[in-house]
Amino acid sequence: MTAGPAAALAVRDLESGYGEVQILWGASLDLAAGKLTTLLGSNGAGKTTLLRTVMGALPAWKGGVLFDGRDVTKLSPHEKAQLGLVLVPEGRQLFSTMTILENLEMGATPTHARATMREAVNQVFTLFPRLGERRTQLAGTLSGGEQQMLAIARGLMAKPRILMFDEPSLGLSPIFTLNLFEIIRKLKGEGITMLLVEQNVQLSLAVSDDAYVLEHGKVSLQGTAKQVREMPEVRRAYLGL
Amino acid sequence: MILQVDAVTVRFGGLVACDAATFAVEEGEILGLIGPNGAGKTTLFNAINGVHRPRSGRIVFRREEITGLRPFQVARRGVARAYQVVRPLNDLSVIANVTVGACFGRENLSLGAARTVAEEVLASLGLADKAEVPAGKLNVAQKKRLELGRALAARPALLLADEVLAGLNPQEVSAMLAVFRSLRERGVTVIMIEHLMHAVMNVCDRVVVLDYGKKIAEGSPQVVSSDPKVVEAYLGDPKAAQRFLEEAT
Amino acid sequence: MSVDALVPSAIDGLMLGFVYGLAAMGLTLIFGVMRVINLSHGPVIALGMFVVYVLFTGAGVNPYLGLIAAAGLGILFGVAIYFVAVDRIINAPELTTLLATYSVNLMIVGVATSVFTTTPRAVDISLGSVGGSGVTILGTHAVAVAIAIAGAALLYAILFRTRIGKSIRAVANNRAAAELMGIDSRRVLALSFGIGTSLAMTSGALLSTLFSFTPLSGATYEVKSFVIVVLGGLGNPTGALVGGIVLGLLEGVSTVFIPVSWVPVLEYVIFIAILLVRPTGLLGARA
Amino acid sequence: MRGITVALALIGLLAAACGGTTTPGAGTSGQATVKKDLIIGFTASQTGAQNVASNKQTEGIKLWVDDVTKAGGIKLKDGTILMPQIKSYDDQSATDRVQALYTKLINDDKVDFLLSPYSSGLVKAAAVVSEQNGKVMITAGGADDATMEQGFRNIYQVYTPASKYLTGAIDLMLKLDPTIKKVAIVNEKDSFSTSVVAAAKPYAESKGLQVVVNQGYDTGTVDFGPFINQISAAAPDAIIGGGHLPDGTTLAKQLYEKKVSARFVALLVAPPEPTFADIGEAAQFIVGPSQWETQTKYSAEAAKTAGVPFYGPTGADFTTAYKAKFSAPPSYHSAGGYAAGLTLQKALEDAGSTDPEKVKTALDKDDFMTFYGRIKFSTDPKTHGKQIAHEMVYVQWLKGSDGKLATQIVWPAEAKSADPQLRK
Amino acid sequence: MIRVRAPFLPALLVVLAVVAALPLAVNNNSLREELFLMFMLITLASSINIIMGYTGYVSFGHIVFFGLGGYFAFYLMQNFNAHFLVAALAGAIPASAIALVIGVPILRLRGAYFALATIGINEAMRTAINNFEPFGGAVGMFFNFSVYDTYGGARNAALLAYGVMVVVALATVTTSYLIRRSKFGLSLMAIREDQDVAMVVGIDPARAKVVAYVISSFFPALAGATFFFKNGIIEPGVAFDLLRSIESLVMCVLGGTGTVAGPIVGAALYEWLRGFLITTPALANFQLFLAGLLLLVVVLFVTAGLVGWLRNRYPVLRAYIQ
């Protein structure tokens, strides 16, 4: 589990939780630059906790987070976002009372993203034409799928160095889930380093380069997506078989 | 049959959280309620104990329809609930927390009698020495036990246990499972929502699987866990993934 | 009573309504962004009056220039209140923030009554009047309406046209998500408290040109702001402005039908009724 | 303040000691003179809505204490000399503070006699406490009729009661312009103004006037727009009402700004106060009832005519001394304060003792004239202590030949210093 | 918390009774006046504690019951020559009935909305009575002094009022203690901690809250009747003084909400401090500033209040101080 030379983000023996509830018990993982990594695990394994701790929304009890080799463990979420570490949170967390355009503008809060905001808006509208058609519509009035598109688009507006997704397909219809994975694959083609936390194991493994499986707050399996797909233990982690 | 859930539908705005869910619970059994995130399990618990009023359907408890009753009315008929995210009454002592459970439930005990029950329950859960500590000061495992203790102190006929194992380490999990087995011996009926599949396999007599608010499978743990529909609900459709991969190349 | 009084009463009420609305926008902005009911709102309004008063009587500064000073000081003062009394407990239950802002209320009133006593003061300014045939509009009232509208427009320009304003709305809407976008929510909260306070002080400054006042006068306008905010929906600035106009009109028009002294009873009854029946306000809560 | 009074007391004591050893005392009986402090307690509204009138009243009281001290104290028949000392607090114009502070004056400061705060509401609150503790209180600035009809035993009122405040104004108005038919009444909803209107309204109606607006406003009202709109719509010939200084002043100002065209406006309390001039042109033609004016001439001759003794300084002496001490003209509130002191002084001299019962007997018997007017109290148990002899005068703000606004007495006709005028 | 281990209540009552007897023993009227006020504040703070401390509902406008009790009793004494004790009870009962009527709808509101509604109700009542002529409108009511003759004159009436205020305060404290130790009290505290959980364990929160609210309205109403009987004068601004309402809440927080002793300690401390500040001329107006500062410090740093802090700091005390 050593950080390879190309590790854009390294999570080291991270421990964390809520109040006195410890959820992470020393989780470690590396994101290779330009690659899509997926993090699997059953409910309650600690995936969301890991993302929140990496972002700084939860304090790390022990261990650390290295971003391009720099220790960023103690930075707050907005400072991490400034650095280019961006999370597309679970449940979309849109600014529901603001328009699509305004949501995108808020996405472009990091200083390095502001100058090129106009172009970035055009880019995401190319990626998500539906959003472009409805740019002045309030985010709260969009359908579930459109909201998920907007959440991703908003994350892209930050010009992320690393983009993390938390359960993007939650609540989406099967057809739209496929759509979503198409988009993720498109982004992968653009060379953004990404971390994907997903419940749809099959699709995640199909689209990813690397994969980790989290159990009881620790990484229990890791390898390339292809390797992990072959492992029967994955089934056990989910279904207890 | 202690509980009959008959075509229960719960909606929040446009979202259908429970979609005509139907199942029955036998007296004395431990029923596992499983399914992926967002499948509507907790919503179903809320419908059973009166927190949410179902849009349609009927819930019958011991031959009495309890659909639409208020939570305290359901509780007084003998249904207790342990929450997924523990909800101790933080500023009250541990013993007071459990006494609350004993006081107002089915037996409607006096304060003194309730306290005696509470002491027994705490002893059985190994929390006796923490009786006077404010509940907020317990650690997680203790809080989880307290959560269960408060529910058990009501001496319920039916216990709704929502992920009481989440966040426990393996030793704590097996200790908790022992508690459930002893409940079965005492004839308490339990519905447990659980993600720890090996625990479900271990203690549940029967399993009901929900996905997108619908029941997709029902049966013994072994049968259910190898049901392709269940596997797909949990892991995603392998064929879709395969197609996806093929398209890409 | 007399229907002949209807038109002038409605006009008077409407004009005051804009000033009330401006104050209420400050209260509702703070609630909308951080879910804090600011019980120091009233004394802050009074402070706006006294900024104008001190500059006017002490240095002969034109009250409308004094108003700009009050608006500016309001931002600084609001930011200070935020960091002293609110920041630490921003996530605590309502009682805590209610009491914390109330303690600020007591402190301001205490200092202000020590310095200015409770003797009524006035900023003596006359801009003449226009009209006739039953409707006389005083210059000071007309200017107050213009400034209140300008203040509201400025707030809107900030909230909808500037990045910082949009950040305020973003934080109001979803603080955690705003943090994830790289917005420093603490700074935004402090600034919102500053803007809210500035609005209250500005409306206080306007009121000082209309009526006499004491350090305790803020209480009347604070309660009016509560009524307005509930009328328009807690946390909704548009609602506050509309609520202000509605309240002003109601105050004006109702005097034609019921004795003037019954008007506050009517206001409070409406206030309670809305809380009970539709706590999100008649316009619904939208940030 | 306190230092000065202590110093004065010491000097007084020293003087008394000297007097005692070298020359025979002022007392002719040859008895040894004993100097005693007479502690007089009251609260004043140094701040709050009533502060202007209350300060004037306090100044009147202070001037009386000065005059008594200069005269060597209050000399009783038994040779005791009483040196008045003031014990006073700021009541912030609030009734609950008045009650707390009068309790403190009686129990902690052990005052001998009480004077009242200013304004009926506060006087009423103070009266309850002094009755409960059996302390004699002379009230100035409390004209409310109701207060004095509650079966009090220890309270004596120097002011003409509220019920007479506006009835004279109505007489004046009808004399000035008998065509006046419609009158609007807008008054403060406090005990004093309510008393005034309770008497004035039926009086106006009995004179054939039609009351077209009759509304009350809360104490502390600053926006009279709604009332003025009602008044404008009803287009009355006359407006009467008001309450106290701040609201009366504001009402007059807003009536002027809103160009209300009534021919006659009479307001309570505010017009006789010199600070009413602050509103400039808006003050012109406003009429107000007054307990006393500098132009009022109650003299020894007038006393003789009335068959009662004259007591205390002349009006001219009072005005001169007041202006010298406070660099401002006295108002009726000043005169009321002074008169309250004088009344107590006379009662002490008559009683020859500070014993409350004896002082009360003296007060009950009193019937005398001062520069402020005649003073006599009701002894009917139901209205005990109520003022029954003092008369009101009415002032109006008029432009003199120099073009400056000033108050003139315009009613009653026999006392007038200028002719009343209608508003233009 | 449930089991009695120290004679807390008797000890507390004895201490309060001894303090109450002090001014009579040394015949100090001004001390008596101060203590009259202090016992009144103890009554107000302890009553608010029942709804705020035990049940978790912050009633900002609780003074409305003080005012209503005062007005009803005053009216009965003034117009029907009712004996004070009869009038006080006859005044408190309709005040509590009003609490029942308004409690049912407003206790459905949570948090800040409830607090705002209580402010609204107090202000509505104040302005309504301000216009209500049978109660004297804005002028209020004022005793004909013959009312006091029944009690041997105004002076003895003041003494009687003192005695009654002490009894009311002791009754409030006793009630507060008994509630805290009862099953009913336990249900209130469960509601305070988590209303949903309370409901799920079998508590009917709506009913329990309304009962608590009605009880907590009764004693302020008695205190109001007594206060205005002694004052001989009642007017809307004093009867429904929002500042006094919030001050009693502050006392509660200062001493420690949810404890029996907290409101007593808070009321005594606050009143002592105010007395000190008011009589120190240089600080007279600073009283409010210091009160505010004190409150802020407590809110920010000593959330549990004095008694709560002591109990947390020295757990041994939990057995002795409720």
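The chains carry the letters A, B, C, D and E, assigned in the order they are written, with residues numbered from 1 in each.
Just so we're on the same page, a residue touches a chain if its C-beta (ideal position, glycine included) is under 8 Å from a C-beta of that chain, and two chains touch if they have at least 3 such contacts.
This is a predicted model, so every value here is computed, not measured.
Any chain bridging chain A and chain E, meaning touching each of them, is among B, C; the list is complete. Steps from chain B to chain D, taking the shortest chain of touch contacts, total 2.
With centres defined by CA atoms alone, the chain at the far end from chain C is B. For the pairs C-E and D-E, the count of C-beta pairs in contact is higher at C-E.
Of all chains, the one whose Cα centroid sits at the greatest distance from that of chain A is D. A separation of 43 Å divides the Cα centre of chain A from that of chain C. Chain A and chain D, compared by their mean Cα positions, are separated by 81 Å. Centre-to-centre spacing of chain C and chain D amounts to 41 Å, using the average Cα coordinate of each chain.
The residues of chain C that reach two or more other chains are 113, 117, 259, 261, listed in rising order.
Across the assembly, chain D contributes residues 189, 216, 218 that each touch 2 or more other chains. Multi-chain contact residues of chain E, defined as those touching 2 or more other chains: 130, 138.
Chain pairs that touch one another: A-B, A-C, B-E, C-D, C-E, D-E. Against chain C, in their complex, chain D makes its touches with residues 46-49, 51, 92-93, 189, 215-218, 222-223, 225-227, 229-230, 232-234, 246, 250, 257-259, 278. Those residues of chain C lying in contact with chain D across their complex are 1-5, 8-9, 12, 16, 113, 117-120, 124, 126, 129, 132, 134, 136, 138, 210-214, 217, 251-252, 255-256, 259-261, 263. Residues 28-30, 33, 130, 137-140, 142-146, 148, 154-155, 157-158, 231-233, 235, 237-238, 241, 279, 284 of chain E are the ones touching chain D in the complex. By the touch criterion stated above, chain A contacts chain C in their complex at residues 55, 57, 76-79, 81-82, 86-87, 89, 93-98, 102, 105-107, 109-110, 114, 154, 158. Per the touch definition, chain C reaches chain A in the complex via residues 163, 166-167, 169-170, 173-174, 176-185, 286-287.
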